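Which chain is which? They are A, B, C, D and E, in the order written, and residues in each are numbered from 1.
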Amino acid sequence: MKRAETRRHLPFISGLVAAVAAGAMLVTWGDEYAVGVGLTLVMWIALVQSWAAFSGLSGYISLGHAVFYGVGAYVMVAGWQTLPIWLSVVAAGLAAGAVALLLGWPSLRVRGPYFVILTFGLAEFVKYIVVSIEAALGRNGRLLIGAPGLRELFVAMLFLAVLSTTGLYALRRSRLGTGLIAIREDEIAAEAVGVNTARTKLVIFGLSAIVPGMVGALMSLRFTYFEPMQSFSPVTSFTIVTIAVLGGSDDVPGPLLGTVFLVALSELLWARAPELYMIILGVLLVGFVLFAPEGIYGKLRSWGRGGAR
Amino acid sequence: MTELLSVRDLDAGYGPVQVLKHVGFSVSEHSITAVIGSNGAGKTTMMRTVAGLLSASSGQISFAGKDVTLTPTHLRVAEGIVLIPEGRLVFPDFTVEETLRIGAYSSRAHAGADARAAEMYELFPRLRERRNVRAGSLSGGEQQMLAIARGLMAAPRLLLLDEPSLGLAPSTAQMLFETIVEVRRRGITICLVEQDVHSTLEIADYAYVLEDGAIVADGLANEMLGSAQVRESYLGL
Amino acid sequence: MSVLLSGQLLAAALALASLYALVAMGLNLVYGTMRLLNIAHGEFVMLGGYVTYWSFTHLGISPLLSMLIAPALGACLGMLIYLVLFRRLLRSPKLAARVEANSLLIFFGVSVIFQNVMALLFTSTQRGYVYLDQVINIGNVAMTANRLILFGVASSACLLCLAFFRYTRAGSAVRAVIQQRDASALVGIDIDRLNIMVFALGFALAALAGVLVSMVQEITPFIGFPFTISAFVIITLGGLGNLFGSLLGALLLAAVEVYGTAIISSSFRSILVYGVFIAVLLVKPEGLLGRAVVAR
Amino acid sequence: EDPIKIGYAISKTGPFAPAAQTQLNAYQLWADKVAADGGIDVGGVKRPVQFVVYDDQSDFGKAPAIYEKLITSDKVDLLLAPWGTPFHFSIVGILEKYHFPVVGNSAASTTIRDVKPGNIWFTTSAIPDHLASELVKMMKSAGVKTVAINTLQLPFSQEFKKYLMPAIEKDGGFKVVVNEEYAPDTKDMTATLTKIKQAAPDAILSLSYPPDSVLFMKQERELGINAPFQLVLIGPTDHFFSKIFGSNLDGTITMGHWSPAQAKWPKAKPFYDAYFKKFNEPPDYLDSALAWMSIEVLEQAVKKVGLDKDKLRQEIASDTFDTINGPVKFNGVENVTTPTMYLQFQKGEAQIIWPASEETAKMIKKPAWSQN
Amino acid sequence: MSLLRLDDVSKSYGGVSAIRNFSLHVEEGEIVGLMGANGAGKTTAFSLIAGTQPVTNGEIWFAGARIDQMSAYQINRLGIARTFQIVRPFVGLTVLENLVVAAMHGHQAEPARAAAEARSFAILQELGLARQADHLAGTLTLAGRKRLEIARAIATGPRLLLLDEVLAGLTATEVAAALDMIRHVHQRYHLTLIVIEHVMRALMKLCSRIVVLHHGEKLAEGAPNDIVVDQRVISAYFGKRAS
């Protein structure tokens, strides 16, 4: 039994090991630029996988991830030069989780597009509260001088990416995750077969906020500057959703492929065709949805199946 | 009697899943034609394809001598092909009254819509009691009545009924069968899919048996009622 | 306190509400009928603004005339976008299954394309012109003529729209399609044509809003997004798919912005706006006039 | 011979693009000039120039990665600054890491003094603390007694207010009759303006960014609020204000320390003319001018010492440069030669009205709004 | 002590009352039929018992616990499972996965996935759905979905199972087979059943007791043979052709 169990998880484990090895190679031998791109890549992986853990499984499309990211960044700058950096990172994750529980408790009663817009509203709400706090404190943008270097940040971020990927993988197969998937399919029926829908949603919503909180903290170290309008920018949430849909599916490979695709694409384009970069991205996005609506992973799977026949 | 609907060599299904295999049948004008078959045989698929909600992958559907295989649903309604769908598909936010009004949307149904609505209330007094209630909060059976009434409001030439008695109490179901006979008497042609095979064959003129996506038998309804095979397979006798 | 009772404040609230309602109505139409989340809606407002700006400053065409031209162009563009991008999406069951997420992405792409094409063609420079700018005093309310026109045109357009959907056959057909597509086809509604009509109307309304906006504020290729956001907040507040709800939502939002900030402080503007929005949804998760589903 | 590579990132798209445009215009004007001249003078040798330009999409999170790419992968020889305070700050870490000197321009905050001197300098003299104390002096000299203040909750305006309030208090000669703040995205200011109108102050200070500045002025005009002293912090220097407000802009005071009308600065007018010729509109008196200044500093330093980073750093930090804004010399990261000034629009022209030593015209009272 | 007890339960929507002062006792192991005209309040009664909707008045007790204030999942975990008249399978999941959810969360929850899968598969075999185990629930026919509703409800491991018109849409022959299946699961899983049906013949064969609702009130209650000859029931329910 034990061995069968291990065999079942073999593809995942070996994939993970390979990815970590690639990361280690990059950080050892890669030049600054490559590590910089690598950081962007693992950052989005960490964010999108954590997003998929809640939104992918539950079908509650959240535009609230920007809040967790922003809260994490804010915790980092608030504790700057008082708390040890790595403690700040952990605190950022916990604070984001706490904020998620606080926001999730009322908002998870709302469904479908209402939830989408509500989470957007909540994100803006929190953003402006932080703007107000900063205004009241008389702070006007904060500079973080003496932050850790790129390679250190990359290693930390890689860890977060592994954490959220493993988290999604395990969650999807767990009792809690099964309940969440049932909620996506039909909330009333899920209740009727014993799923504690309110608790399931809230717990996972809270958990899924921890990684983005820590990501936000790390990224504020990368930018060395904090300003609430930017750190809580809704663009973060939109990008996450875009990547998730591009990737397709609620399982680990989907968000992963989506991230790799988008990061690679933007690396290819923004330098080569800066004027047209965004336009090309827009066209590709539209084309993708129309011609590969099941996402990259879905498309690959259906090709795979076609080939097997 | 002339053929009002004729279906030839019809193939249809869902994506890669082919459900109907070379189905052919016809419905004569002013008749009641029944299609019987067990669960999963493809009856609903067939009815949806005739109504145009599903498109045929091959074959031909003609109505009153016209090929309607590629005609979109709303134009088939304009021609007079009206389906009362399985699963009711009510407009949840419309009240009973609004539903009847929208039922007469197509231009052929304008004339006399008010009178027909009054008839519907005669037919289903329960609907009259609930005329200002939203369809979404009606009980299952009430929704079924509403779906039937909505279909009749469209002034059909050919009425396709997919399990209309589903969820109706016996007295109401019995009235439904009487209504179907009455509707036919007024010149509307009927194609009926029903699980209550006994009542169906009693009022039908002609019947087809659909099994596994193909027509496996057909004949006069009263002969079917006597057929040993039908009795065993569908009447539980 | 006297500020709160002043006609000036009421007029400001009404003018803002009328613009909000106009933008939200077009968005709600498209969402309501087809479940398409059009986050490029504000971009069509922006385009309407540019059409007006260029035709006024370069061709000398009065913005009043643009109130006909821009919506007509908007309608054509809307139809084109429907035919090219969305007809397929709505027909294929595979695509339609996740129509909300898919449409969000497509429109996101469209929005990115329009913004950047405009920036490329006309640069990001802020543009403005002066038209009918004299201040008109009515009683003790002072307003520039162009804002009065904005109020008049936007509110009549909204009311016309409402009346259209309340009292015409096409209107009830749209409401039917919102609820049940298959059944709508089964009562004889030509859904495709209706969709085209709705796209044309929705985008024409957005373009009209753009004409009005360009008369009272500066425009850039990036002014659209805030309009999209306000419109989404409004239609959610009012109940998705409910046009009258949009009107109510617009009034509420404008009232919060104008009176809320007058009572409390402008520094809490956004906190107030989103706070009220969140509060309403918590009390009524389906929006003010939305309806909850029931299980049988 | 080898062209030298000059790189920068700027917001070409996204919410900051409209504001960044006037700085970008200055960069492009320079690119034309360099092309026409056949290159720039590098330690006495004329070398052609190749530009590497990226769009940061109004996301200062992208700026560090882009500048890192410019340095490590595109291997540029020189860098120009991005647009805006946050973008300047976000690249400080990268510049430190690679010891790459950059002359900044459109960044203004006292926080710049927290930046370790070495690789970045700030040409602006519009730093909030100086601006605030000068404003108080200026109001005093204009005989202002009562003041209304309306402040946007974004970093620069907030910081400005932070230094303004104590300065007003310390002076003691003013009564602040209205003191309001407002959030970004505010769509209507009627309530605040009604309060201001009732208070009828001598001076109205709108500490705002361009979009709100327009809203503020438009609604002020509607309500016919005519204070003799009116400051609108950011915006009026951008050309489109005069398009929207025409002669109504006259009398408005705004932040800025450059004017083509200043005879002391011989290079000022030619820059104005060249800019006007290319873009068919005047430059932004603040951002276009700052951008141009930063280029002049860099160009002169390169001419003198070439491309070697250490020498360049040394040179910029120690020498005095001759710019359209007069002589510039840095102390630490800050430009200490250019005094803090204020501009006022008079007959459509931006005139320096403060301090007296720099003035190109006398301060006037703001005429009543024309409501027609 | 009764397994389930409804005391004077009422439910109204705004002004309209769907159920009025309804009392009912169900003993362990019983099969009770619930019938009544369309809109009589049968489904509403199920919704109240299962906690899908809150009661307006009255009390509901199950196995010694008062449940009318509990939420649906709590009630399910106490051992009550229901099917929906207007079916709601998890259409995007396979038939097996539909059951796995129930098996991992319901009354006799099996938190380990492998065990839950094993139990679910056994139930599918029992109900003759094993062949479709890997099909998406959305591709089943209406009758298939109804059967899936039953299977999923059983997968929660209930003591009391509420079946709402699960025979609707079947031919007489299929009804006979389905009845056998219901009787079988009743035995096999030691269930107590309340069954709503309009197919009178089926109720007669299945139930030991029938309760008739009329306009939200209890009209009659008794053995099937007494119910079919009850004049009030005949005039309210069967119509003239009753045989």
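A few remarks follow.
The rule is short, and it goes like this: a contact is a pair of C-beta atoms (placed from the backbone, for glycine too) under 8 Å apart; a residue touches a chain by one contact, two chains touch by 3 or more.
Which chain is which protein? Per UniProt: A = Amino acid/amide ABC transporter membrane protein 2, HAAT family; B = Branched-chain amino acid transport system ATP-binding protein; C = Amino acid/amide ABC transporter membrane protein 1, HAAT family; E = Amino acid/amide ABC transporter ATP-binding protein 1, HAAT family.
Bear in mind the structure is a predicted one, so any value in this text is a computation, not a measurement.
The minimum number of touch steps linking subunit B to subunit D comes to 2. Of all chains in the assembly, those touching subunit A and also subunit D are C.
Counted by C-beta pairs in contact, the busier of A-E and C-D is C-D. Averaged C-alpha coordinates put the centre of subunit B at 42 Å from the centre of subunit C. Centre-to-centre, using mean CA coordinates, subunit A is 31 Å away from subunit C. Distance from the subunit B centre to the subunit E centre is 29 Å, each centre being the mean of its Cα atoms. Subunit C and subunit E, compared by their mean Cα positions, are separated by 47 Å. The set of subunit E residues touching two or more other chains comprises 43, 52, 84-86, 88. Looking at subunit C, residues 94, 115-116, 267-268, 270-271, 295-296 sit in touch with two or more other chains. Within subunit B, the positions touching two or more other chains are listed as 137, 139-140.
Partner subunit B is touched in their complex by these residues of subunit C: 93-94, 169, 172-173, 175-176, 178-180, 182-192, 291, 293-294, 296.
For subunit A in complex with subunit E, the residues that touch the partner chain are 1, 5, 173-175, 178-179, 181-182, 184-186, 188-197.
The residues of subunit D lying in touch with subunit C in their complex are 12-15, 17-18, 20-21, 150, 153, 180-192, 194-195, 198, 210-211, 214-215, 218, 221-224, 238, 240, 243-244, 246, 371-372. Chain contact summary for the complex, subunit D toward subunit A: residues 12-13, 53-55, 57, 59-61, 63-65, 68-69, 72-73, 85-86, 89-90, 92-93, 97, 109, 111, 114-116, 153-156, 158-159, 162, 181, 183-184. Taken together, the subunit A residues at the contact with subunit D in this complex read 31-33, 36-37, 40, 128, 131-132, 134-135, 138, 140-141, 143, 145, 147, 149-150, 219, 222-225, 227, 229-230, 233, 235, 270-271, 274-275, 277-278.
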